[in-house]
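In the two complexes below, chain A is the common chain; its partner is chain B in one and chain C in the other.
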Partner chain A sequence: MMEGSGALDLVLSGDPALYAIVRLSLVVSLSAVALAALIGVPLGGLIALTRFPGRAGVIVLLNAFMGLPPVVVGLAAFLLLSRSGPLGSWGLLFTPTAMVIAQAALITPIIAALTRQSVEDLWSEYRDELNAMGVGPLNRLLTLLYDARIALVTVLLAGFGRAAAEVGAVMIVGGNINGFTRVMTTAIALETSKGDLALAMGLGFILIAIVFAINASAWALRYYAERRIG
Partner chain B sequence: MSDLPLTFAKVSYAVGATPILRDVDLVVRAGAPTFIIGPNGSGKSTLLRLAMGLIAPTSGAIDWNGSRDPAPRRRAIVFQHPVLLRRSVAANLIYALDQAGVEKSKQDRRCTQLLDLVGLIDLASRPARRLSGGERQKLAFARALARSPELLILDEPTASLDPSATLALEQLIAKAARDGIKILIASHDLGQVRRLAGEIVFLHRGRVLESAAMKDFFEQPRTAQASAFLRGDLISEE
Partner chain C sequence: MRILFSALTMACLTFGAQAQEKVITIASTTSTQDSGLFNHLLPAFKAKTGIDVKVIAQGTGQALDTARRGDADVVFVHAKSAEEKFLAEGFGVKRFDVMYNDFVLVGAASDPAGIKGSRDIVASLKAVHAKTAPFVSRGDKSGTHVAELALWKEAGLDPAAAKADWYKEIGQGMGAALNTAKAMGAYVLSDRGTWISFKGKDDLIIAVEGDTKLFNQYGVMLVNPAKHPHVKADLGQAFVDYVISAEGQKVIADYKIEGQQLFFPNAGK
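Now for the complex of A and B:
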């Protein structure tokens, strides 16, 4: 109980160390979502609208990659970015940039797979109308992405939720360095093992609040969209 | 470039081993509306999709003024169940105008004209997917007109409408025909056929059994199936 009120004090008093951690978490995970969206949305759209040999295999693989364990992604990113790895010369290991890359790698398949599904569903509904209007391939992709916009925002929110909540990948490539690469999930893990339950619980509250806010906005968006866009 | 005349030469269409249309010969020329009539499942929608160039015949050939390129030029279609984009009513029309190559500076004016024509001007900013069935058909009709078609293909446009909405749409169709747009339309509604048709093509089990001027078809159908269809009898399986 002592820890509980201590945690609340930390959150409410605006403890600077705590909020620096929260800020870094948000910056890293939002950047990761942006990067993953930049790759995953067009990729999912392209897979939805093209036919090529091995397409079914690609889709199965993409769907399987949605459930990649964060530690494994972290390990792969570590091997790539470590000094002796292929991208070692970039000197990114144990930096926030490395954490962004690892989280982006984790959620790109999620965004690509869900985008593919949304675009493909919409295409089967729109195909005849768009063909009858003579819509060409590029315009077709843009039209479908635009008309699937509500679903796509939900997809991005899901990606953000996954990125913000994972601990394994950022721990491995970030190193949980105090004041530099420490984010909410790694701090919780560390503080819990050190016995500073107040800080761990304070961060836990905030993380839950963020996840709750994401789900609430996804729900509100759907609700709004159903009335406004149909 | 023109899309008329539209010519079907010995066109058959099958899905797998199931024949859906068989040896259809048909020429659609400028003039009064051509009605495709026939019982459910006789192949009307399939014929219209072929005419639009959305599907290719299994055998035989279709050409639009001599060209076999199926890309839509001066033609448009209103489907039996139109799908509207997840945007406002006006944005649906702007999209179609844009696709039809109408200059940006002229799109707003044309959009307003079309909305005015079909009586949806007050609903311009409403989400299209929230329209009623009748309003949806009118918007789909306006969207087809946005292409400035020479050939306008309509698949049972009034099938799910109440009498006043049916009348409104029939007036729009009649006006389009007066303005020189060739209408190729499928319908079940014999009253509508009498009101609007120039020519009639009677389809039965995937074959064109009759192709005649409207008056002749109603006064002296040449096949037993057509007589039965006109009497509202159940048409026998053979």
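Now for the complex of A and C:
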């Protein structure tokens, strides 16, 4: 796939195979964050604002699921998506879509649990105001989510970091197929197994640099947004 | 948010486009992938037939299980007994010999069991056992693991059952096993292809080679469409036909690393 070793050489060489791997890593993990946010943000907000029997149990469960082992999530997704599994007819195993599904399942609890925490903190702050203004339940949720939007950026970043860094789930459901489902983490695992530790480490540095760049942009976004709001 | 949605859209487009093409999935072994054979063989196959091949590289046991579940169209592995069981269960259509290479017993240059240069694998394993020299086993039901267990059996020993502390079952692929053996100064059975292409040899050397018992046969099978109707029988059969054809066999023979031929074609022989 690539000649030479060391992160710098790799980036400078402009190897198309490397860029394809980096691109797929980003597409898969960002798609997973988008999918997980669609489910996790409303879910977290809902749990924060409602009271129902067993709520404490749900919150503890959600918090515990933040530590789901990727390999277990991957195995569960594998069993669901395999041709012999209940969703086998979709033919999704060993595709990037399967990887998105597995990563989304992995990080939805993280996004839901952290969203709940952020919204609940705001809720205790603004409860009296919102009640006095007679704001309905749906508008309460939307108002508080909007107010928490900057904190939610951090929540999404936590989800992205987890998704981009995991190898267990994408290895199982993606199969690490060259040019099709190979991402940064599985490429690192493969180069390690081939004994090319320098190349593996070089790829590792590239992955860390990408995650750093994304976090830095998010931080900058947040910084300027806060200043503008004042 | 908009960026995320456009990423999702882009993802759907990317994945959608892939589904239109002629493409098959092959469950194969880490040895064929890690040795680089597929990078050499698949472009030639694509040029001839226009078929893209997606390779899942696993141990032989896992690769056969992947095919049993219907998640691959073709299996290309190396453990004849396990392959014949797979056929007997009705999951394969027909098995063809494709090529062979051989196993080598790799160890640290310090050679704690004193077996360097031996051509007798069974006697060498007995010596490893007698000296309780560290030994790394794949422990993952791969073709190499199956072959290793058969050799221990032939030596009348069963270190796995004895849970001997010099015998480490790591449950990982060939490359990982070589990395571990290097770190522990241990012996390890490797297929020659992975060994030649392994980049972190350092002070690892071949201790034992050349015994006919170290012969390593690869076979190819189309997964039975009668068991799994979605199997792409025509495209999969095209791959099987290609690797056992004179042309495919020549491509396999031509694959060399540092002037050394890694696999020796023997289809139909």
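In the analysis below, the second predicted complex is superposed on the first by the 204 of 230 C-alpha atoms of A that agree within 3 Å, B and C clash if a C-alpha of one lies under 4 Å from a C-alpha of the other, contacts with A are read in each partner's own complex, and residues count from 1 in each chain.
One rule holds for everything that comes next: a residue touches a chain if its C-beta (ideal position, glycine included) is under 8 Å from a C-beta of that chain, and two chains touch if they have at least 3 such contacts.
The structure displayed is predicted, hence computed values, not measured ones.
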Does chain B (first) or chain C (second) touch A:Ser82, or do both, or does neither? second
Chain B versus chain C as contact partner of A:Gly195, first or second or both or neither: second
Residues of chain A touched by chain B versus by chain C: which partner has the larger set? C
For A:Asn178, using the defined touch cut-off, is the partner it touches chain B, chain C, both, or neither? Pick first, second, both or neither. second
Of the two partner chains, chain B (first) and chain C (second), which one does A:Thr97 touch, if any: first, second, both, or neither? second
Is A:Thr143 in contact with chain B, with chain C, with both, or with neither (first, second, both, neither)? first
Could you say whether A:Ala34 touches chain B, chain C, both of them, or neither, answering first, second, both or neither? second
So, A:Asn131: does it touch chain B (first), chain C (second), both, or neither? first
Just which bits of chain A does chain B share with chain C as contact spots? none
Please output the residues of chain C touching chain A within their complex, sorted ascending. 1, 3-5, 7-8, 10-11, 14-15, 18, 25, 30, 34, 38-39, 54-57, 68-71, 172-176, 178-179, 197-201, 228, 230
What residues of chain A sit close enough to touch chain C in their complex? 1, 26-28, 30-31, 33-35, 37, 82-85, 88-89, 91, 93-97, 100, 175-178, 180-181, 190, 192-197
Touching residues on chain A, where the partner in the complex is chain B: 125-126, 128-129, 131-135, 139, 143, 147, 150, 227-230
Touching residues of chain B toward chain A in the complex: what are they? 49, 52, 54, 71-72, 76-77, 79, 82-83, 85-87, 95-96, 99-100, 127-130, 147
